[in-house]
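In what follows, a structure is listed as structure tokens, so that the remarks can point back to it.
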Amino acid sequence: MSKLSHTDEAGAARMVDVTAKADTARTATATGRIAMNDAARTAIAEGSAAKGDVFAAARIAGIMAAKRTSEIIPLCHPLPLTGITLDLALDATGATATATVRTSGKTGVEMEALTAVSAALLTLYDMLKAVDKHMTIGDIHVSAKAGGKSGDWTA
Amino acid sequence: MSKLSHTDEAGAARMVDVTAKADTARTATATGRIAMNDAARTAIAEGSAAKGDVFAAARIAGIMAAKRTSEIIPLCHPLPLTGITLDLALDATGATATATVRTSGKTGVEMEALTAVSAALLTLYDMLKAVDKHMTIGDIHVSAKAGGKSGDWTA
Amino acid sequence: MSKLSHTDEAGAARMVDVTAKADTARTATATGRIAMNDAARTAIAEGSAAKGDVFAAARIAGIMAAKRTSEIIPLCHPLPLTGITLDLALDATGATATATVRTSGKTGVEMEALTAVSAALLTLYDMLKAVDKHMTIGDIHVSAKAGGKSGDWTA
Amino acid sequence: MSKLSHTDEAGAARMVDVTAKADTARTATATGRIAMNDAARTAIAEGSAAKGDVFAAARIAGIMAAKRTSEIIPLCHPLPLTGITLDLALDATGATATATVRTSGKTGVEMEALTAVSAALLTLYDMLKAVDKHMTIGDIHVSAKAGGKSGDWTA
Amino acid sequence: MSKLSHTDEAGAARMVDVTAKADTARTATATGRIAMNDAARTAIAEGSAAKGDVFAAARIAGIMAAKRTSEIIPLCHPLPLTGITLDLALDATGATATATVRTSGKTGVEMEALTAVSAALLTLYDMLKAVDKHMTIGDIHVSAKAGGKSGDWTA
Amino acid sequence: MSKLSHTDEAGAARMVDVTAKADTARTATATGRIAMNDAARTAIAEGSAAKGDVFAAARIAGIMAAKRTSEIIPLCHPLPLTGITLDLALDATGATATATVRTSGKTGVEMEALTAVSAALLTLYDMLKAVDKHMTIGDIHVSAKAGGKSGDWTA
């Protein structure tokens, strides 16, 4: 049967002991999207053309949230992040966020990448909710990972 | 054309002025889910039976994140939240999170409910990623809202 | 049997709904102490005479922690604190911290006063641990409370 | 002789008791500037033209810092901010930041406006330090204030 | 006479310079307890049996607070914690919390362990205060320490 | 033309990738000052003599803010700070703050030193604003830097 590393035999939550693990370069990329109506898409598109801060605010929110991942997710190890990029792209039915997070640390950075994507999409939701009350955020997943003992992979 | 209240005419981000609005009772409910494989579902199910902290950790994470929404989402107003519940339910293909947030304040609490759901689902992802590396978080949306000038509605 | 307001019938944690409660003036006083050896007591006493920052640092730490109580304690309601004092007194076997916290809000401020006292005592511990490795923090309790439906009382 | 409200008769720091004060609409505007060389000014100017995030990042940083003022400044009261704007303007010798903060609360919002300006200017410094190692931030002051018992004024 | 490392010769607070120290594996264990009446003990005991979140919430609160120790205690160094466990045990007169914190860093983790214990006990207080208004938190101390130049010891 | 490392070719903000850089000892010193009237200067001077917490509060605020620099400034890398001192000096027209910050990390600590100085001066402003409504904070700059690839220098 599968064992959850974040709980002990009695089911009690813990932050797993990684003291003995080496600091190695690690990268994770996560992605997700927000579906919105035409009015919301137009509002971003026009804003971008006009130097609007919509994507910039979402990008900054995602980058800042990645740095606070271990404050938001109870059992995440604090990690000294060494690089974060967050790309946003508008398409026919909404927008996609893709975050790549790097560290030289003892654990992977999937949670940081997922947190960055979530915060960026929530920020888009916040800025656009006046023009679309029924947006949906979804398809948030890890798309690639490198470094660490589980090896490199791409979803 | 639609106007975004979070940016001014030049496209610059701002936190909208709501000083003159009255404090009224407001509620918002948001939901979302995480799809996972059988090993992950079994790990939760067994853990729950055995007093495991998996759902408890996710619930606490969601409640705590809701209270910090205005720190995570750049243009959100800080609000004195007056109630938060976060329900988690395991089903055939994963788990669903539903958060209801209340305030007596000048703006709605959709973002707080969405943030609670996001943090709870990210916490589940974190605790289960050792048994399923390919989970997806999705279908995050507001399902009901009450109070404020836009009136009550259910999605 | 006693009912815990912070958990529902199924035992799930929640932040209790206080939306309908009125904002009223509330005060709580908490106290606690740290027992230390003579070397530590002398270090404070001499420092105070010489403008040392030991008590000042502990006082500031307690005041700042009180303001962040709802971030530290999962089910605490965020409250707009309207006044905080934190007194520290050196005596024959250690030091006593007493915090009084005020708000005009929907719930009491015991937790804020207890958190202020705890943070102040932990700060003293931190600053003195080089001269006493075996200090003990204790006797932390609420000593007085005013406002709210449970009425005024002094321990 | 002048009395400092933030310290008691013995000189101990405290957060002043404002419980009995009424919640009233309050506004404060603060300004400040950063002096930089031509290379830095050109970098911003070109970036702006090309949709660069320099000013956007500084604006978001200022807005977010304003909301956290009471965490940064020890004796500041937490206030439910109801509006924040942050304007940035490039000129012949650098850039000027101007923040206007609003609340409906018991104390003024000068510190929030000053904190917003400081964080925005520090963010500009951070983003431009690769092209100018010798920038100076200065002339940070409150330029206007409205509401509260001390009345309206403009510097 | 003993010297406090956290203040300079003039008594001014500082964060001690540990730049030149090596990163080594360090562990600290702290403990503390909360005394409560029978009604409160019964509420926990029943809740546990029924999957209640009382201990889970306290455990999560302690783990999360440990990670934020350097934000709460002014002169604490930020450390990349590599492991945290927090045990809670109910007994005849209350409950005991024991936290073990690990890092690979330049300073010890006593303060992190003490902070975890304090936050866990405060969370129990918060969740139980409706059934016992007169609980006391005490006997908070470091019980064991390993690594670093002062060597291993157990209280 | 100069390139800004914090934005990519399209102008999008990012946290620069420093994964491959070595951890080296780094120090930065920043300074700044606040100009105030005689009443404010006297209030500090008398307070200091009388064990007042004015400078102590500002010092603690600066030290604590330095540790949170990467939360306040969007694109700053989180760094494990290994030492912080913050000196405050009263003179004929106001007070000067000087912060020295150390780390063993992959990037410099100018922003941490500048943030410490800014928070300390804002705290002085807050504590003195009751006696001088027209203070100005200025001349904030980096005065010395050591370590890292750009070499040592003093302004």
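Read from first to last, the chains carry the letters A, B, C, D, E and F; within each, the first residue is number 1.
The definition used in the following text is that contacts are C-beta pairs under 8 Å (C-beta built on N, C-alpha and C of every residue); 3 or more make two chains touch, one makes a residue touch a chain.
A quick map from chain label to UniProt name: A, B, C, D, E, F = Cyclic pyranopterin monophosphate synthase.
The model shown is predicted, which means the values in this text are computed figures rather than measured ones.
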Query - Counterpart interface for B-D, drawn from C-E, A-F or A-B and sharing over half of its contact pairs - result: A-F
Query - Of all other chains, the one whose Cα centre sits farthest from subunit D - result: E
Query raised in the report: Using CA atom averages as chain centres, what separation in Å is found between subunit A and subunit D?
Result: 29
Query raised in the report: CA centre of subunit E versus CA centre of subunit F: separation in Å?
Result: 30
Report summary line: Distance between the CA centroids of subunit B and subunit F (whole Å) is 36
Report summary line: Going by residue number, subunit B touches two or more other chains at 12-13, 51, 53, 56-57, 59-61, 64, 68, 74-75, 80
Report task. Report the complete set of touching chain pairs. Result -> A-B, A-D, A-E, A-F, B-C, B-D, B-E, C-D, C-E, C-F, D-F, E-F
**Report entry** Parts of subunit A lying in touch with subunit F, wherever the complex brings them together
**Finding:** 25, 55-56, 59-60, 63-64, 67-68, 80-87, 102-104
Requested in this report: Please give the residue numbers of subunit A that touch subunit D in the complex, ascending.
Outcome: 48, 51, 53, 56-57, 59-61, 64
Query raised in the report: Given the complex with subunit F, which residues does subunit E contribute to the contact?
Result: 8, 12-21, 70-71, 74-75, 77-80, 105-106
Requested in this report: Flag every residue of subunit B that touches subunit A in the complex, lowest number first.
Outcome: 1-7, 10-13, 32, 39-40, 42-43, 46-47, 50-54, 56-57, 60-61, 64-65, 68, 72-76, 110-111, 114-115, 118-119, 122-123, 125-131, 133-142, 150, 153, 155
